[in-house]
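By written order: A, B, C, D, E and F. Residues from 1 in each chain.
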Amino acid sequence: QEAGTDDEASWLPSLITATPEEGFELAVKMSRTSVKTIQPDVEVLKKLRPAYAHDPDSLIAATHVVAVNFRTIAEANNYWRD
Amino acid sequence: QEAGTDDEASWLPSLITATPEEGFELAVKMSRTSVKTIQPDVEVLKKLRPAYAHDPDSLIAATHVVAVNFRTIAEANNYWRD
Amino acid sequence: QEAGTDDEASWLPSLITATPEEGFELAVKMSRTSVKTIQPDVEVLKKLRPAYAHDPDSLIAATHVVAVNFRTIAEANNYWRD
Amino acid sequence: QEAGTDDEASWLPSLITATPEEGFELAVKMSRTSVKTIQPDVEVLKKLRPAYAHDPDSLIAATHVVAVNFRTIAEANNYWRD
Amino acid sequence: QEAGTDDEASWLPSLITATPEEGFELAVKMSRTSVKTIQPDVEVLKKLRPAYAHDPDSLIAATHVVAVNFRTIAEANNYWRD
Amino acid sequence: QEAGTDDEASWLPSLITATPEEGFELAVKMSRTSVKTIQPDVEVLKKLRPAYAHDPDSLIAATHVVAVNFRTIAEANNYWRD
């Protein structure tokens, strides 16, 4: 089942956040939701957690995805310069 | 057979979506269509599914592609700021 | 021999396409031509095809390259917003 | 526990820095905080340190994340051109 | 010895090219020069060539670098829209 | 010890360079400094050099980081179009 169907409130109503830190947390949320969209079986994800959470290369790869999503959110918020 | 030939409606008529969430779903669709364009044999893809859907590094790599496609769609939609 | 020498018509005359779908197909073409430029021996490429076309991580990595090239083409076409 | 909860000062109050070098250090900080957000168990991270800090591919992958985060910060600071 | 020292003409005098195809070839040149800057020993590079040129994942990774460099050149040339 | 503390001149005073080639060299410098920031032990780095400098995938991954840093520097210098 796709993440966030119509009958629930949207999980991603906007890219706008008040602060860079909230933008960072939204980037983490987007990355996690993205995994759940590709692998909707939460039990499988729970089983996989120990593997990647204890593997430096997996952790680095995950932070890379967060960095890419954070770029998108930072641009959306004009880098919180206003 | 290339994804979306002329006699079918285009699978990617536009990058414009109403909401960030729809933009995210289009990014997932683009990523999946991209795999089918490179490997058109759906039977092969079905056989591969268990392997990557249970491998944390594959899932992270897939979310990275979605994040890159989402950037393109977010820019196209001016980050849904209007 | 570099892809597209002067005596042939250019394989990449322009980044402009009529639709996002054609832009996606150009991104796939650029990615494939890029492989042929790095490995011009088509026989070698044919031998490699089964390996990567049946490996989820290779397929994901290939879609990542398409996503990066698609970004460039989408920007060139102002995201087909006009 | 998410990095930087409300009752503490924000770990990422702004993307603005005085110099490129400070921007680089903020990119390193963002990358490290990102790892801690995904794997909050500092003991686990300490155990992983020797593995990635002595693996060239892990080090290269980590510098790639820093480079992506640095892009975001450089854009936020208009590349320190002013 | 760094690629392109002062006493030789610069190997990268400009990012401007007449056509997208020339821009693509410059992106390939930049990627190759980058490898030589990191590993200046041409004998070593010759020995490595068969390994990566017959490995699909290496070829895909190399095309990814070309795609990133092509983005930079395409932007520099305003996507050859003029 | 972080790269470039206050009592030394900054290792990254500016992103502005006179030419694309100097911009490329700054991108290489940024990538190398980034590795030293993550792994400050130069003896360890010396021991790792032979491993990655003779591994095609490591070399390709390193050129990818240089390409990302070069993008940032090229943008900072308006692609040396002026």
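For the reader, a short list of remarks on this structure follows.
The rule we apply is simple: contacts are C-beta pairs under 8 Å (C-beta built on N, C-alpha and C of every residue); 3 or more make two chains touch, one makes a residue touch a chain.
On a predicted model such as this, the values are computed, not experimentally measured, just so you know.
The set of chains touching chain B and also touching chain F is empty. Touch-path distance (fewest steps) from chain B to chain D is 2. Put simply, chain A has to spin 60° for its C-alpha atoms to lie on chain D, with the angle rounded to a multiple of 5.
If you average the Cα atoms of chain D and of chain F, the two centres end up 16 Å apart.
Distance between chain centres (mean CA atoms), chain C to chain D: 33 Å. Chain C and chain F have Cα centroids separated by 28 Å.
Looking at chain B, residues 55, 57, 61-62, 64, 68, 71, 75 sit in touch with two or more other chains. If you draw each protein chain as a dot and join the dots that touch, you get one closed loop, with every dot joined to exactly two others.
The sequence of chains round the contact ring, opened at chain A and continued through chain D, runs A, D, F, E, C, B. On the chain E side of its complex with chain C, the touching residues are 19-21, 24-25, 28, 53-57, 59-64, 66-68, 70-71, 74-75, 79-81. Chain F contributes residues 2-4, 10-16, 30-31, 33-35, 37-39, 41, 44, 48, 51-52, 55, 57-58, 61-62, 64-65, 68-69, 71-72, 75-76 to its touches with chain D in the complex.
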